[in-house]
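The same subunit A turns up in both complexes below, where it pairs with subunit B and then with subunit C.
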Partner chain A sequence: MSGTSGRLYDALDRAADRMLRASVFERLAIATASTALALLIGVSIVAAVGYDPVQFITSLIEGALGGRSAIARTLRFSTLFILTGVAVAVAFRAGVFNIGVQGQFVVGGITTIMSIIWLAPLLPEGVVGGVALIIIGTLAGTLAGGAYGALPGALKAYADANVIITTIMLNFIATGVVGWLVQNPLRGEGNAAPNTERIPEYVSFPRIVFDSSGFSIIGLGIALATVVVIYVVMERSRFGYDMVTSGHQESAATYSGVSAKQTVVSTMALSGMVAGIAGAVFAIMIQGYYTDPSGIGTYGFDAIAVSLLAANNPLGIIPAGLLFGGLESAGSHIGIYTDVPVQLIDGVIGLVILFVAVPELFRMAAARTGLGGDR
Partner chain B sequence: MNVAEFAKENKIGIAGVAVLLAAAAIAAVAMDLPLWDIVTVGFVERSFQAATPIALTAIGGLYAEKSGVFNIGVEGFMIFGAATAATMMWIISGGDPGQSDIWLAILASMLVSLVLAILFAILMIRYEADQIVAGLALWFIGLGFGPFMAVLVWDSRNSPSLESINDLTIPVLADIPVLGPILFDTSPLVIATAILAVVAWKVLNDTKYGYWIQAAGENPEALDTAGVNVTRVRYAAVIFSGVMAGLGGAVLLAQAGSFTGSGQTMVGGRGWIGIVAYLFGNYNPLGAGVAALVFGGLDMLQIQLQTVGIEVPNRLVNLFPYVGVIIVLSVWGSTRTPSAVGETYESEE
Partner chain C sequence: MEGITKRFGDVVANDSVDFSLEEGSIHALLGENGSGKTTLMSVLYGLYEKNAGTISVNGEPRTFDSPRDAMDAGIGMIHQHFQLVDSMTVLQNIILGHEPTNNGLVDTSEARADIEEICSHYDFNVDQHLDTKIQDLDLGARQRVEIVKSLYRGADILILDEPTAVLTPQEIQDLLDVMEELADAGHSLIFITHKLGEALQTADEITVLRDGEAIGTVDAGETSEEELARMMVGREIQFDRPPRDPSDGASVLEASELRVRDDRDLEQVSGVDLSVQEGEILGIAGVQGNGQTELVEALTGLRDVDSGSVGFHGDDITETNRRQRIRDGIAYIPEDRTTEGLVQDYTLVRNALLGNQTVKPFVENGMIDWSAVDAHAGDIIEEYDVQPPDKSNEAKSLSGGNQQKFIVGREIEHNPDVMIASHPTRGVDIGSIEFIHDRLLELRESGMAIVVVSSKLDEIQKLSDRIAVMYEGEFIDTVDPVETTEEELGMLMAGHNTAEGDVAGENAPSGGVQS
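Coming up: the complex of A and B.
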């Protein structure tokens, strides 16, 4: 019996491996073509509605890479896109459509901030207390994000509720409830704006390499470390293997004794935990307090594009996250220095996802033009 | 199909609505709430209006899914529908819209939705797009370009106050107590949607085209053998679903009277709720309409709670429909989807 399942595993392993290797180039080509086509459409729209496309492209590049502060801003966004992108990739890789990363990110973030605020008086001030609070806050945020992810996982496993829809609803609920919390019970004393108190000054990442507010190389380090951990878990551990097989080969996984139900719950929990880490990094590194989530960036949504662009591969998330960090950074530059509405960038991101979803479009185009079309 | 058959085929949905209503009534009595102050004629009328965009979207979505294509891009179509209706109303009227401009704007918005739906259908059917990812993409494209249009026209994500549709009062009938104000003194869009739901139900169950759509989703090979072009049927259903969702967005705008493009836009998940409405209604246009009404009612509960003096913060009451969706999906999650949904079909000619 164990011999049979062992052989089955080997066969699946080889098949998955071949798939991965054979199509890496193709996936890269599709990702590049999708991004290029989406940007081309974006630029055409800019031109069509009467703005200067050349100036648009120049400010796009300037906003992403023009100078030290632009690069810091790009890396700041990239940090968040890498983390949220990995959160999405964990779930998508296992065939679970977790669209709720935004909600898990928000729940993780507010938990981080509140646990730091509540525990700060109990710990010594200064570096030691700061480090301790960062660790506690991040752990709390990770657990809260994981729990908020496990909920729709459990609803899927035990009540067969469609994950796409429950996670989208839970995004609205997280935004609404946290928005209400920061307006009322958790509002900092004497705050005019609907914000929590600030976390103490000493609870922050050190500014090494880049002296920029809102970006620390430590945050990027946490993101990259998370990528490596998730890569090892997904690609090299039994748990990750079970996750991926049960997503794509449910019957094979069941035969080898993997409970599909438990796997959905743990997949969603792991995905939510990574989203929680993203929320903690956002809270500590960028905000320093929490505010109405309807006003913060939609990192959890854009992360879907990041993950798809990377073909849901944890390592691929790094370049995809950098690209999106650049786009977002360029977006805020464009918002300040040009008249082109920044919403255009959101639309372009949507187009990237659309084209990634239609590989056949590029295969056919490639076959027509005779470029490496092997179909 | 007669009423008895309808009841038989929609046992789950009907039981669900009954249980929900009973639970609400018991809760109200147990908590000593003035039930008849909450369930007023005005509340029912507002619930119908809130249900209209959801119902339109649901009817379109269920046609697509019945034909074998899961169009989860309806939220995106709704955003485009609302944004084009708003900008068109502004442009057509030169900045001072009246009642007739609303109808022109709805028409224009449907035309734009038609073009988008054709492009989307080509990607879904001809180029075999991943239906889930492409649908999500359309939502994001809507979230970007919807507010983008508003910014181009008004320099802001939100429009100034435009015009909202007037009620249509049918003389004499409108004076009938209770039913009069609900059915004969309400937005013409509500009445049109009710008629559309009945027609959609008839067409799906009692006409050749309805059978084709069902067969395209259940047994495309058989339909192909019978000499009907499966691809064409699916194109028609997907394009119909896009136009209906666009219309849903336009109707939402016509009722609200201004466009909101901040956050998740004024559509705020109604497209997703529409999908749940047809699942809950078990792929039946009438069932979907009833389910939409349940969600519309949840949406409008806020005003009722306020009038009877129950202090629940708006921000939290606004979440009722979303919580309702999760409960509905968890309790009646396992609906039977058409067997060939999500599979591309290639004729073997």
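Coming up: the complex of A and C.
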């Protein structure tokens, strides 16, 4: 090895060692510093292009945290990012690349809405009926999302079809089919837009703490409860151990009696179920009806970034989801109240995510390559 | 190559190995899995940096930092797993990385002519397929593409790493013919294999490696399969066979007329009958690759059988899966501790649960009791002398011997009725070997039925009550370890049944019978 590359290697080794030994507190400090640095660079670009940097940064903070309605909006986005992020993390931890969370999210959402619409006439109106319909609708959405996730899992297990490809294709199918359904057979009577009927007024989460039309603390509660349940499943249950072991080292899992085929199906089903819960919360809490899925936002895809930022750790999804929610919320606020073009806002947001992710990616790379640590 | 030494951490993969290849000859490198064959060739090919020793090509000392250096010196390597892009054509694969260009654009017409000349010179039929995609070729043809690729790049010395492992018997014969033609044309070939017959048939000289050391180089015309088999398995230390009483317990594990196919759908186990009693160790001896792996996988529930049955305490368990067989009490020390026996980046605590996922008190009602698992890991470490004694260490940080002791401990603590131990002491230091042997003998005394698969004759002779010798998927004979000499075992392992004459016939490759 030549002198220069040797020195570079040593420097990398020392840096990797430092990163691997960083405590949780240090890592949080690094993440905060990275965010600040990214914002500094972003604001410089904004100023260089000729917009008011002070206004930009004020709107950014206001949009994310400025007042009750801004916080409600941030938490609304965060709720969805946390749920879809956990859906992705479950699969990734088991070594299955579920890129189809968006499709499972859509299938879960439309199933929730339609089951509520169809069952509402059979149940009493009011709080009791509302709670019953929310529970039934959420369960239906969860099961539908799970089934739509299990499908590519079964294709992998029994026909050796690549999960990445099948899940991407199933996203298009979900969007296309649901788009057609809301245009035609499921379109609400007299609706000009391609929407289903609204679910009844009484089928909604209570407005406690935040009096916001698109956010209820119940939705966030469901998201946090899901994180806890998934964390316990992954860390404390046999199913989770089997799944994570398959992801780490499939031959060892097989040796210990785990069936690789069954595991890929059940992993995809669980991941799809969480995506289905996300779809149900989106449908009940935010929309109240279902519309053409090509226009509802790409939570299932953004979730991949959320999960990777959290190193696929269910608990890490919470701060990652809050960060993404805050940035999304700030972005929409800046878009409305300043004349900074939306492309520039997205660019700055991307910069923040990149800067937060890089130290963690560096840690992961260091652990993988054997740089740093004891040898 | 002189005095080549290569260490990975504490493990010595090559211990001052000397190796020389004559121009225009075929030199076979023979040895068991893990004996250091591939490591030695990877050092030659510039993939690994050697710790000591010198490499000379045509009398000139050389150092290779990368395969590209080796290629420039006229060395080509054909890996066991082909390095071809499946979705590209034969022509594209051959010129990949060395594309002839004309004004910056790839010009294939010249390459096409060159390749056709190489093919016609050596009678390859690859040139008919130049525009076929690799994925549409069978494995034999893919291998010829690899050879043409090396020749096209100007290789004079070709290293073939277990080239016959993936081929059918007919393809193997074709390959051996090709190798002889290449040698006649002045190329020098290194042929890595663990199959005795192929080495004898094709090579001019044969060097045997064992545990990283070159045991010796012999002239292929002056040696025999028996001598080679003995050189390969050899003996490391003199083990004393402990005195024992014959067992007369009930039969616990049985197999009858078992036929098993490998991943390539070739039959590897061809009608094996076996039975193990309480308090008995059945040794299965044989040169690696004669169906032992598939037999063990069929017994442990990791591989479906083609026909025949497996019985346990008189019940037919042929259809039960691995998890059920763990619950029934069939413990298994796997052949490969690094990929199967331990999850390398789990701590020892998490690894203590591996295989115990259905065992109380570690898991109840599907939920794991980590404190019980934690205590269990501590017990294994203490009782089986795992060093360093820290259960929060990751498995990969342990030496081979300590990894193996941990696995042995974990499997014994299942309290099984049957223990199947596949190469229980491969790559393990002497101290740990003695320790593991003592444990297995204790288990025998306590009435357990044990199957030990090993290619080490001394180990088999020390441990076994009966030795079944496996050759080409069959038990060629079952013998008494006390009354059978090492020479006789060597003969059996090479396929010569003394009692019934030569059952193996000619030097058929031991890749199994094609379906």
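Here is the rule we use: the second predicted complex is superposed on the first by the 286 of 375 C-alpha atoms of A that agree within 3 Å, B and C clash if a C-alpha of one lies under 4 Å from a C-alpha of the other, contacts with A are read in each partner's own complex, and residues count from 1 in each chain.
Here is the rule we go by: contacts are C-beta pairs under 8 Å (C-beta built on N, C-alpha and C of every residue); 3 or more make two chains touch, one makes a residue touch a chain.
These figures come from a predicted structure and were not determined experimentally.
Novice: Is A:Arg236 touching anything from subunit B or subunit C once the two structures are fitted on A? First, second, both or neither.
Specialist: Second partner only, subunit C.
Novice: Does the superposition put A:Thr245 against subunit B (first), subunit C (second), both, or neither?
Specialist: In the superposed model, A:Thr245 contacts subunit C only, not subunit B.
Novice: Counting residues of subunit A in contact, which comes out ahead: subunit B or subunit C?
Specialist: Touching more of subunit A: B.
Novice: Using the superposition on chain A described above, determine whether A:Tyr255 touches subunit B (first), subunit C (second), both, or neither.
Specialist: Touch partner of A:Tyr255: subunit C, not subunit B.
Novice: Looking at A:Ile349 after the superposition, I want to know if it touches subunit B, subunit C, both of them or none. Which is it: first, second, both, neither?
Specialist: Only subunit B; A:Ile349 stays clear of subunit C.
Novice: One more residue to check, A:Ile165. First (subunit B), second (subunit C), both or neither?
Specialist: After superposing on A, A:Ile165 lies in contact with subunit B but is clear of subunit C.
Novice: Quick check on my understanding: which residues of subunit A belong to both its subunit B contact set and its subunit C contact set?
Specialist: The answer is that subunit A has no such residue.
Novice: Taking the complex as given, what residues does subunit B use to touch subunit A?
Specialist: 72, 76, 123, 127-130, 132-134, 136-145, 147-148, 151-152, 157, 261-264, 268-269, 272, 275-276, 279, 313, 315-316, 318-319, 322-323, 325-326, 329-331, 333-334
Novice: In the complex formed with subunit A, which residues of subunit C make contact?
Specialist: 301-302, 321-323, 325-326, 332, 334, 336, 339-346, 350, 353-358, 363, 366-368, 370
Novice: Which part of subunit A faces subunit C closely enough to touch in the complex?
Specialist: My answer: residues 236-239, 241-242, 245, 248-249, 251-252, 254-259.
Novice: Write out the stretch or stretches of subunit A touching subunit B in their complex.
Specialist: 49, 97, 99, 155, 159-162, 164-166, 168-170, 172-173, 175-177, 179-180, 183-184, 294, 301, 304-305, 308, 341, 343-351, 353-354, 356-358, 360-361, 364
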